[in-house]
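Two complexes come next, and they have one chain in common, subunit A, joined by subunit B in the first and subunit C in the second.
== the complex of A and B ==
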């Protein structure tokens, strides 16, 4: 019985949060990795693109809510998502045309593009703050839990409760659908194959008559969709605050690099590696340990690191991977 | 390398802008902008060494600046003797154990033969070291933080003159830079960027959470000054008499005098650094750096140790950022870890370097002063612009209220636009590399 309690406590505080955070990171890292594979630079504006997408979705959600439209028990934000994606796609295509295209035609060094993306990050950051402000915004509605902790305890008779948040389920379901669609697109469709060809060998792809501008445009649209979905899911699951999206940049890049930059499968694996390490290392294991070893009475919380240091975890993993396997767990590009 | 008439004009222009602020607003504001502008110029010099000389992409400036601030606290604050008695030595012992564990792990990794034995030993060593560290560290920290938490609750500093903190801040930043550089240099440029971004977030997290060291978010206030206090000047009959002979108000005059004293100090540091940086850039070392930046392969073929030279310049540049950080904390008189924002301390410095002209020290200085001026002035300008735009709208109209409220965020937007425009139309900056 105690072992069951331990498993439930572990699932409640470590596994479920890890899965939803991991899915959100994986979606974000996919966007970074696609840009890296096709456009060949690290896009520092990605966190703020996520913030912009989430903001567009939130504004649409509020409008729908004011009209009385609802998807109960699902959050209304799902209905608003396509609009958010469209707005973000227009934004990134606009920035590409106004900003990035010039440097692409000049064949500028990747690091110049990184600095340019820093400028875009500034502008987007200002834009998001300008439109929606810096405060926390709530836009989640619909059912909060699939099973609340109390219901779970009553049903199973265990002492530990397992609360399954509806946003967790939603995150996982949406992430699985999106990833499946993305991989189908990249592996089965003609356009997707041309994208992969372009990523593998640009000159060869150009020789085979692939239109580079079309590939770039489709990449940006996919990245906009991924960023908006990741941003909205993160906002639904935690809360929307523009600054947190900027801070997500570090775990997202860590995920993409750990998995191998430019490799989509790696981005997903990296997202989960980072998320689970952050959660397990900053979790206070006292409760779980208490069930597994009833006779042991630890003094502290058995927390390896306080939650304030979760960045240190992504960073440490990043450094270890960079030192021992610079191309990432799944062979990415290393230029 | 000499300055062209155009460059001199640009410097005069920035100077004129600041003087104009003095006439239209107040000399206090103008000198405030000047002082932070001088510090920003030093930060820009540091980043320019890394990016302009060597092409290293460091976006962890904030972390090195914050370490400089820590240096100011550790050197100049009076020691809290009860806290030292309660756990000072134990904390230091714990840190030594932690460092020894990591050093031991690195040595074990290098010396032992490859295989499962090495892996097992390494894991055992790290786990044992971690528990030893936590076992020593946690109770000591608790003891220190229990001592008078409302006013101290930390170890305090060494009680030395604050000017000593400036080189110490630079040393701290250099140490952190050595650690980052050792691991991330020699890999691709984006990796260095991410590594520096990470280390700066970690440094800020440490400053925010390790109350025994920095009082965390409770802030350390009242850091001793290298210049006199306003109130002492106002009580000094000599000063009051001299000011009265100019016909000035002693209260305003005292704060201006203090700010001028800071400006003098900062100017001396800036000019010294600028001279050093210029000499370095024009020496064989500087030419080698630029050769490495322009073509790593050919420099390596000429027998230059690219990674070692990169490490060298990375440490130098970071040390200068740390120095600027210590100066800034001295100017503020307090260390407020929560106020370190990457957009303000990392990316703004990058805007300064790019706008001023990467690779040119004078450009970095100019960019630092100019962009700091704009950073301060864009807010009122943006507000004025928005007030003008919305003047046609009825009062109480939601859009008008929203726009007026959001005017403060115009800064980031403007800085981003400036960066993008300069990169697009004048990528070599205002004073290009020569």
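== the complex of A and C ==
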């Protein structure tokens, strides 16, 4: 019975949060990795693209809520998502035309594009705060739990409760659908294959008659969709605050690099590696340990690092991977 | 030679704008269904001459014509649409994609049914059919060259241009590749290639060009060049 309680506590505090955070990071890292594979630079503006996408979705959600539209028990934000994606796609395509295209035509070195993307990041940063403000915004509605901790305890008679948040389920379901669609697109369609060919060998792709500007445009649209979905899911699951999206940049890049930059499978694996490392290292294991070893009474909380240091975990993993396997777990491009 | 199918006529030029000239009044031509080979010492401008024909550098003088049509100012991509196909010496396959996807990408510009052409390529290179679902980067050097040639053939070109197709493959594989190239020429496709292995290449060539310092040094049929004592002494090692 105690072992069962330990498992439930672990699932409630580590596994479920890890899965939903991992899915969000994976979606973010997919966007970063696609840009890296096709436009060949690290897009530092990606976190703020996610913030912009989430913001556009939130504004649309509020408008729908004011009209009394509801998807109950699902959050209204799902209805607003296509509008958010469209707005973000327009934004990134505009940025590409206005900024990145100039440097692409100059054949600028990737490091210059990285710095350019930082400039774009600061502009987006300001834009989002200017429009929606710097504070926390609530836009989640619909059912909060699939099963609440109390219900779970009553049903099972265990001392530990397992709360399954509806946003967790939603995150996982949406992430699975999006990833399946993306891989179907990349592996089965003519356009998707031409994107992979362009990423693999740009010169040969040109010789084969693949139009680079079309590939770049489609990449931006897909990245806008991924960023908006990731940003909205993260906002629904936690809360929306522009600054947290800026901070998300680090774990997202860590995920993309750990998995192997330019490799979509790697981005997903990297997302979960980073998420689970963060959650397990900052989790206070005292409760689980108490069930497994009833006679042991530890002094502290058995927490390796305070949650304030969670970004240090991404940093540490990033450094270890760059030192020992610079191409990442799934053989991406070396930095 | 009566008017050839593809000709780079009296080409002069080099890489980039204002760079030094590498080619000097150099002429390269190939007739329909024939094999033309460019040989010469290192740094003679063999690959450069081929790239000039394909539009990868700016010509200051001279012209490139295909089937009588002047294509001097077309980009390489537009020349692909005119029936030219180019197999670069290195990075000539999509390593992360399967053999079949490589062939599909070769036919990217085509909107019609490509399965017939793909079947022809599998007949020409049977090993590729067995490995169609494997990533091209996992294949051996000779097999990769077959993928590269196959990819180029997917556009159903009139002229196939090969930049040192046998670089880095074993002698046995080299012989096999030359056999395949002859087979391709028999289907009516003109072949223009640059080769390091001058002797073997001239043996299969209808026409040979010996370049020295970006100019035509000797031009004749492959057999005549092989028999020429000057060419033998200077370029074929006696």
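The rule we apply is simple: the second predicted complex is superposed on the first by the 334 of 335 C-alpha atoms of A that agree within 3 Å, B and C clash if a C-alpha of one lies under 4 Å from a C-alpha of the other, contacts with A are read in each partner's own complex, and residues count from 1 in each chain.
In this text, a contact is a pair of C-beta atoms (placed from the backbone, for glycine too) under 8 Å apart; a residue touches a chain by one contact, two chains touch by 3 or more.
No experiment lies behind these values; they were computed from the predicted model shown.
After superposition on subunit A, the partners subunit B and subunit C are seen to fit next to each other with no clash.
In the superposition on chain A, A:177 makes contact with neither subunit B nor subunit C.
Residue contacts after overlaying the shared chain place A:143 against neither subunit B nor subunit C. Of the two partner chains placed by the overlay, only subunit C lies in contact with A:194; subunit B stays clear of it.
Once the two complexes are overlaid on the shared chain, A:205 sits against subunit C while remaining clear of subunit B.
By the touch criterion defined above, A:127 reaches subunit B but does not reach subunit C. Between subunit B and subunit C, more residues of subunit A are touched by B. When the two complexes are laid on top of each other via chain A, the two nearest Cα atoms from subunit B and subunit C are 19 angstrom apart. Common to the subunit B and subunit C contact sets on subunit A is no residue at all. The residues of subunit B lying in touch with subunit A in their complex are 55, 57, 59, 130, 138, 183-184, 187-191, 193-195, 197-199, 201-202, 205, 208-209, 342-343, 347, 350-351, 354, 405-406, 409-417, 419-420, 423-424, 427. Those residues of subunit C lying in contact with subunit A across their complex are 76-77, 80-81, 86, 88, 91-97, 101, 104-106, 108-109, 151, 155.
Here subunit A touches subunit B in the complex through residues 41-42, 44, 99, 102, 110-112, 114-116, 118-127, 129-131, 133-134, 246-247, 249-250, 253-254, 257, 261, 300, 304, 306, 308-309, 311-312, 314-315, 318-319, 322-323, 326, 334-335, going by the rule given at the top. Interface of subunit A with subunit C (complex): residues 190, 193-194, 196-197, 200-201, 203-210.
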